[in-house]
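Structures for review follow.
Each of the next two complexes has chain A plus one more chain, namely chain B in the first and chain C in the second.
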Partner chain A sequence: MKQQLIIITALILLIAGIGYLVIDLFYSESGASDNPYAYGLNELRKSDSSLIDYQEIQHFPAGLSEVYGIAADPANRIYVTGANGVEIYSPGGEKISEFSFPDTAYCIAVTPDGNLLLGMVDHIEIMTPGGEILSRWKPESEASVLTSVATDGTDIFVADAGKKIVYRYDREGTLLNRIGKKDSLKGIPGFVIPSPYFDLGIGRDDELWVVNSGRHLFEAFRPDGSLISTWGKTSTGVEGFCGCCNPSNFAMLSDGSFVTSEKGIERVKVYLPSGEFKCLVAAPDQFDQGTRGIDLAVDSEERILVLDPWRNQIRIFIKKGENNDEK
Partner chain B sequence: MKKGIALVVLTILFAWQMVSSYAIQRFPKPEFESGYITPETLLPTPRAEILEVMDVAVLLLALSVVTWAVLKRRSRNLVFWISIFSLAYFGFYREGCVCSIGSIQNVTLAIFAGSYVIPWTVLVFFLSPLVYTLLFGRTFCAGVCPFGAFQDLVSWRPQKIGTRLNAVLGVIPYIYLGLAVLYAATATDFIICRYDPFIGIFRFDALFSMFIFGGILLLCGVFIARPYCRFLCPYGVLLNWISRFSKYHMTITPSICVECRLCEDSCPYESIEKPVTVKNPESRKMVVRKFILIMLLIPFFMLLGGWTGSQIHESLAKVNGKVRMADELLHPEKIQAEPESIEMTAFKASGKSVKELYNEASRILRQFYIGGWILGGFIGLTIGGLLAGRLITRYRTDFEPNRGTCYSCSRCVDYCPIKS
Partner chain C sequence: MRSLQPNLTVNMNNKNRRLDNMNGKGEEKRINRRKFFRTGAQTGLLIGLGGIATLAARKAGSNEYVWQLDPTKCTQCGRCATSCIKTPSAVKCVHVYAMCGYCDLCGGYFLPDTKTLNTGAENQLCPTKAIKRTFIEDPFFEYTIDEEVCIGCGKCVKGCGAFGNGSLQLQVRQDRCDNCNECSIARNCPSDAYSRIPVDQPYLLKGFGQKNLDIK
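Right, the complex of A and B next:
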């Protein structure tokens, strides 16, 4: 009886296997037509909705034809820059003012004294909120592609994706030192930046955080360029970063957590100061497929400001369960 | 004991493949601090000719040694160890390519497509087992074919499934052979390679479904010995035919059979023919009736099969990429939800007109119409032949291996008390 059962089971398995061959050969059109080498991300775009801890409460369109950078000041005013100008919005999204210039700015930061730091493709400008130029200087290299600016109140840090280096300037534009050059003796691995997505920001202890996107790492430096720490995980899962160069942008929450944005699998996430994945702010299905260069800012109320360059929108996210009206 | 050896051998061979799969490069490439520069990724070069000569030399040597082990030494142990060597060399080292089973398609393509030049090594891999089989029986299956060796290693608790079921399932290799020849002749696909159940295991790289299929065959192989060889292998069909005419086929006993019946249940492939004594010879009238029946049966099945094949030729042709593409262009509503196929993208980039594609698809369909008749006729002949075979009574006085289905594995030899 047992022997018969084994034979019958084995035969059923065998016939099922042969049946699979027949079905695959004659009835499975997609199997024969699919590109086996296709770089498919659709499966990776799926995310667990229980991991999304934020909700979008508001979005409004930007007035610029192309947008690249977003920042917030201590009064929660929103600064947006891009092609030929800067727009300033109230925390509620009403436009307060704007000014224009002939160049395109790719990044923006607000200094503690309320001025604006703007990174054009090949030079830096410091402007007043009214658009008056206070200072302007160029990096030394023609190959520079400036992608991010930040200030700790004393110095100005500029990320150069073209030269794969971070410059530290004083407020007059004097180069003080370079940060991140590969130095095995100091344990600095060097930046791997395959595309013009190279962001930096200032941490809660005034340390400089730089995204080494080709290595999927965050690296913290002192102003003198010495490496403090790194974190990051290469993974196609939600807890890590993948592709050629991610994350593309980030911003810091007041507790030292990181808000990150990615391209390829378009999403915004929060990581704890230790580098552990905490939650999703926005899942891939909340962005148009192909969206790149999602810039981020965090205001004093911990609202996450997401600049969506594909939709040309400023999108505001708050933690689920927090009533925005009370604030 | 052999089961333990088989487990150890399989563990070693799998570990070998596992180690090589750790050598996958991740992105970004490491930046070595010693100044080492990672070499550029190169396309694999064709296998060096000297190594191809070595493959052929190993094949011929393995065939010769296993034939000697079967016919002269009459040693199952030696056959077992040669089969382990073949599994390691032709399976895990050469990763199942080139193989005699798949070479059927290369030979067919060379015959039907004038532009295809068959590599000499492939021709040798196709012909040499056939020549050895014609002379010595299926010694290739006994210890040289890596597929057979793989299944033999896991054949731990073989059960008999009965003559009738054996015969019914035994039709599948003929259908598979017919389809493989049809698709190779029309330059459609090499389906034997596409649905090779073990090559993915040898390479540790296959579609998940093929891993599962290979796993199912091995699992079945624990209880039903060599399921691929018996119920799928298209090359086995050729070897089966040729082996029937082999000049020096293996015998169970080296001398006169004493009919001790010790070997009766020794064959896991149910390939031992029992003695049929001439106690009740059939009457002349019965013989004539059977002959007439066979003469009617075979043409009937051939015609029925041929007609059926011709009627389903369009379905058979759908496997062809050009025919499928022409069908997609004719019926775009069918594929609206699907992403564009890679063939379609390539066709659009080629600059060819749709009319040219339709003409080509039409030519291929005509080929499939004729091929459908031939394939159906062949399957009909097979079924008719098998039925006819059951009508014919063959008389024998000894326990003998069935020359067609015996894999010359020498298991039965161990059971024979007569050793010289």
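Right, the complex of A and C next:
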């Protein structure tokens, strides 16, 4: 009797074991599709929704096949450039005009007199909004990669990711001086630009702000190249910048706050003029994974214009709770 | 590449000699049981050698092409590490130095949430610690791959591509690959990144042509 019990127990265990093997081999969901070496950014992509102070109110597609730069003028017209042309949109997103050229422009800015500054692959152009070329010049090096242009109304500043330097020109294209070269005596750390994301802009006191993306720093300069101040924090948290080279782009609000965009962990944030993190404009889950080169502009209504090159869209964000009926 | 053509020639000479014997040149044509079995054995041997010769010819032909993966299609799924018949895999991380930013905070070297940028094992992304970090000058670091240790998992490639220029790329290292007729990684590749390419251009690197291949 005892022997029979042992045999029956052994048989039950054997059947259970075979059943487990069959289920594991043929019906288990895990296995081949799992990646034991998965690279996990998903945790870092998560964000606290209470930190998002902005909402997307509108988006519309760009007509260019590739888009790289966005700008706004005092009348809140939106200028988009990229492959072979410039498109001009009304504040509401209706296309007003467009013109084309054979090159690709990687950056755009609007001058106080309403003309356009364009950074092409290897040269700078000043054009009228109708597409007429007013001035055109080349930087001194063939290795230049022009990624950003800005003007304080007097001078023109051009960021060169290839040579890791900022050029200051007059309106005729005469080089006045170079800004940002490493100089330990003057406390200038030098630009570290591992990838072609090197942005600059003009602050509310006409100071020049440059992103030293390899060091995760914002650096402010006077036109003569002397360093005023820096801020920035390396962190994978929402309050800092991470990866090899971030932020990739920025724009400035009227109170001197910074709107930044990043690659790797795609997000748009606002920092106070002191450099303290303020809020999120758009969280990583609002972008397609892998999106990079998110250019930014701010119009006179403090609307944040986000150029999404992956979706080929212009996306408009405003502060939550603001009345948008008249915009 | 190893050519099988000389062996093929020897086999063909043997084949001609045996054909002569089978035709009975210089021997009487009387068929007896011994000759029947001998002929049968010779025929079997001939068929066997013919098969080997055919396989050898096919192998010689296939050696003009090698397996390679296209980094533009690669999704770093990890199967290059687990599906190769070789241990460790013949797929390795290759560093295209011309594309590298020599970053201090290298996305291919450090774990995403690393707090301190040093070579501590707890900070490293590579599961086998196959990447060596060397200080060049402030703030630049060079990263080299120890291929003996690299298992081709692609984790560093994913990290480099997420934040950096994508200078770390997976490639089939031809000196390690057995060039199987049916590559088991290619069979399991979910993004169809594997293809046969000419042996004289055995690497496919994203962003740079063959002339710029700088594998240390």
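The criterion applied here is as follows: the second predicted complex is superposed on the first by the 286 of 327 C-alpha atoms of A that agree within 3 Å, B and C clash if a C-alpha of one lies under 4 Å from a C-alpha of the other, contacts with A are read in each partner's own complex, and residues count from 1 in each chain.
What we mean here is this: a residue touches a chain if its C-beta (ideal position, glycine included) is under 8 Å from a C-beta of that chain, and two chains touch if they have at least 3 such contacts.
This is a predicted model, so every value here is computed, not measured.
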Worksheet item: So, A:S195: does it touch chain B (first), chain C (second), both, or neither?
Response: second
Practice prompt. Would you check which partner chain A:F26 touches, where first means chain B only, second means chain C only, and both and neither mean what they say?
Written response: first
Discussion item. Quick check for you: in the superposed arrangement, does A:I18 touch first (chain B), second (chain C), both or neither?
Written reply: first
Discussion item. Quick one: is A:G264 in contact with chain B, with chain C, with both, or with neither? Answer first, second, both or neither.
Written reply: second
Discussion item. Between chain B and chain C, whom does A:G203 touch in the aligned arrangement: first, second, both, or neither?
Written reply: neither
Worksheet item: After superposition on the shared chain, which partner residues are touched by A:L44: those of chain B (first), chain C (second), both, or neither?
Response: second
Practice prompt. Using the touch definition from the top, say if A:I6 reaches chain B (first), chain C (second), both or neither.
Written response: first
Discussion item. Contact-wise, after the overlay, does A:T234 reach chain B, chain C, both or neither (first, second, both, neither)?
Written reply: both
Item to complete: Take the contacts of chain A with chain B and those with chain C, and give the residues found in both.
Response: 32, 35, 38, 192, 194, 214-215, 234, 244
Fill in: chain A-facing residues of chain C, complex
76-79, 81-82, 100-107, 112-114, 125, 127, 139-140, 153-155, 158-159, 162-165, 188
Discussion item. Under the definition above, what is the set of chain A residues touching chain C in their complex?
Written reply: 32, 35-41, 43-44, 192-195, 214-216, 234, 236, 242-246, 263-264, 290
Discussion item. Per the contact definition, I'd like the list of chain B residues that touch chain A in the complex.
Written reply: 26-28, 31, 33, 157, 159, 161, 165, 169, 172, 179, 191, 195, 197, 209, 213, 216-217, 219-220, 222-224, 227, 231-232, 315-316, 318-319, 321, 324, 338-339, 341-345
Response to the item:
Contacts from chain A onto chain B in the complex sit at residues 3, 6-7, 10-11, 13-14, 16-18, 20-21, 24-26, 29-30, 32-35, 38, 182, 184, 189-190, 192, 194, 214-215, 234, 244
